[in-house]
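Both complexes below contain chain A, partnered by chain B and then by chain C.
Coming up: the complex of A and B.
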């Protein structure tokens, strides 16, 4: 009987203990892998949403807190405190194309929806929308709505029907083609109509800016700041703000998963210590027939490593499956944060390899003390134990 | 005997999984947040549930207090950052015992009182107080 088969026989001698110890590691590892996969997917989708916006610079009021800035990507309604004068000043700068947004909210069938005021002609060019049904607005005075594809689908709305906003009915004149981003979840009206409905003065929420020459984006930013007292962020800066928040959440969740792995490692210590007491005679016999302390140490370390390997493999497989099948359920929550987003798990092969390696490492560390204890048993001590 | 032992292990495993599932998915729904209803309150008709954080009190009416969106409060770090404070009027009989910073779940409906949009509540569930968690505190 070679060492490996001896180890496997010892591990599986008590099947119940083997299964529960393995489960401890596997569950911790499954949580770790699932969080990594879903976190990667969220990051990829946030980047996708940011790129879909099409703006190189975002102009916001100076008194916005981070919550407001991030709400640009999450589809939440925003304060309207940028005046039309500010918009006109920025529009005068050469080499840029500006699109103002006025974001508010209402409800359809008791479900909150985003109401977005847009500049009719500007938005058509800025976002390159195409109509799935009906027609686009004719002028900024049109008292009608155009729906994003998901809104129309979710509430089964279409041409000839109406949407009630702030007590006033607005006929639906068009439905946009789906674009798989935030634009799918908007109820769009011309800015002046939204300003009147929500009793907002001649203000907007923020301005998206496209620049002619992306290499000179900093000079355009400086030009805007020279003219008006606003905050100007690049889309990359806003993206980093969102990712920073996501990152801190990810770290917290991964810390929780790591703590569960540490707890599972104590399970391995407990299992191995129990095994030492049960197998004292066996250890004594092995020592007395010529096995060295190093051999005993190796046997117990190998048992720990196998717990880590099996737990890591099983846990990684379960984690991948959880992230694949749970992504749609979790997306329901992610969709509340990042409206219009779709979440897919992002599973890198290196993630799995790292996870299994981590599992083995934790198990090996957990096995150090028991292996040392076992190897320090003298043959006399071990055999005479009853 | 072996079969019974296997069944007991199975029962333990199933109980563990059920506990995790209940813990994860069994938490109740606390309704709408303040930010979800603030822009078009009357689009939410009939009795609804809103969750938020108590921000202020009327000096004239002990049943009238202001509730702020909890997420907005945590992000902005103070009660006076310009966020909408939802006027809330308790009409349930006895004045509720709430303090600034209390997380609350309110059941009621939006009404127009003297030209002011007010959330008239019949039930207030008071949760934990988050004054110590607000960043600026």
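Coming up: the complex of A and C.
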């Protein structure tokens, strides 16, 4: 007989109470782990999208808010308020390579899609697209479309078919090879054609900038700001903006999970306090046969810690399963804000270790007061308890 | 059997049951007052006594006169309000809580009226549990198990080793309790009404066990109302009104 086996006997003697107390902490931990795993997945995917853009700097109008800026990553339609003069000014700076974008909204089969105006030659080099079928545009005057791989697949579109934009039919001349990012969900046309179709003057939405020497990215930014009145963000800055928004959402959700954990910890306190009253005489028996206060404290602390350990393990396992199974469902919503993204739960071993450690820590803290109460009973008051 | 009764004024003098025997338990001016709010209830009013090593003694007297309190103080389950208890040369008042626990684990075995077994453990495990807290007994679980089985055999319950307390009769539970009290091979066994909850057949079985254990040299002190038990004692200490009123040596 040792302390652990004694504790295990105690903890499982009231099976119903054991299970419900365990469920309390396991559910809290499951929520915590699932949120961490899904949040981690979203972060990874956002980074992936940002890297796929291939731009080091993004030039936008000065009046864009953060939401407009991060919409670049999410494929939303954007205001067209940068003039071609601005583009030409920036293009004249040595050591940079620019690609303008004009993002507008249209629909295929009543489903919203992003129509993206591009500079034909520039974009071929900037994004290094490969063709899956058909051909790329030949000039900026081509009145035809090239489809991203996912759009072609989603609407079962291919060569010889047409896409109607603003009432005009555009033949599909090519479909891009899948690149597993936002580019897969674009309907591409040359910028002048989009400007004409959407009746936009000589304007574009934003400009992607690749720099020759990434070490000097700040001097390029300064050079751009010196020439024109625009906002220049690095892709890292935009990424940080998106991640900050996601982070605040994550923190809120984790706070909800934390509240459920705190509630569960009171469940442990309640269970342990009840156990003390029920087992008062037993504490007296143990004291009379020579156990010290520290032994009683250890027994009750160990019981709490086991609740934490088991709750953490079960909660983590359930949390991982939930995040794996829930990811596709959540993806449906995520796709609305980040087109072309694929969300997978990001399950890091460290997340599991942290969750189990946290669960034990919460349970141990919850067990402190009951264990202290139990260990402070004098042998005679405990043994005389009826 | 000849009897020698000494009237004792426990407040003023030490009564030795057998002056020639070495005392294993000695009390000096032992008092205990329970305080609840502003109400003070004196339970012991100065008890001086000596219990010889290897004796079979009973503490008798009417209910509510301080017998169990005396046993709790002698066993180190409670602290005296004043006075001393000396166990085998160790003054209890000088011990801190941990040292007192070690003393209980190593030198004293308790048997209670209501058996006080851990209900979720088997008879065998109940006996083993007593060894968990004593540094001087085998730490290895195999050795603990072997000793626990040996003790259950001693009380004739080896075939009930894996039974839970609620599967045992009262007499059997008390015999498990006796086996547990012997687990750490203590020199002193303190018992509070060990037959108080048993039928006459079980009472007889338990008494036989106690006499056999006493024959091995253990000091046995029993608090009892039961004359069947007190008739077999070598020394009777009578407690009345919180004082030791007489000592009878048979």
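One rule holds in what follows: the second predicted complex is superposed on the first by the 386 of 386 C-alpha atoms of A that agree within 3 Å, B and C clash if a C-alpha of one lies under 4 Å from a C-alpha of the other, contacts with A are read in each partner's own complex, and residues count from 1 in each chain.
We adopt the following convention: contacts are C-beta pairs under 8 Å (C-beta built on N, C-alpha and C of every residue); 3 or more make two chains touch, one makes a residue touch a chain.
What you see is a predicted model; the values in this text were computed from it and never measured.
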Following the superposition defined at the top, how do chain B and chain C come out on chain A, clash or fit? fit
Go through the superposed model and pick first if A:288 touches only chain B, second if only chain C, both, or neither. second
With both complexes overlaid on chain A, does A:79 touch chain B (first), chain C (second), both or neither? first
May I ask you to decide whether A:350 touches chain B, chain C, both, or neither, giving the answer as first, second, both or neither? neither
Put simply, what angle do chain B and chain C open at chain A, by C-alpha centres, to the nearest 10°? 110
Give one of first, second, both or neither to describe whether A:214 is in contact with chain B, with chain C, with both, or with none. neither
Least CA distance chain B-chain C after superposition, rounded to whole Å? 19
Common interface residues of chain A with chain B and chain C? none
Okay, in this complex, where on chain B does chain A touch? 5, 9, 13, 32, 35-40, 42-45, 48, 71-72, 75-77, 81-82
Listed in rising order, chain C residues that touch chain A in their complex are 72, 75, 77-78, 97-98, 101-102, 104-106, 110, 112, 116-118, 120-121, 125, 128-134, 141, 144, 180, 183-184
Help me check something: in the complex, which residues belonging to chain A touch chain B? 16, 19-20, 23, 63, 65-67, 76-77, 79, 104-108, 110, 112, 115, 164-167, 198
Which part of chain A faces chain C closely enough to touch in the complex? 1-3, 6, 9-10, 13, 281-282, 284-295, 378-380, 383
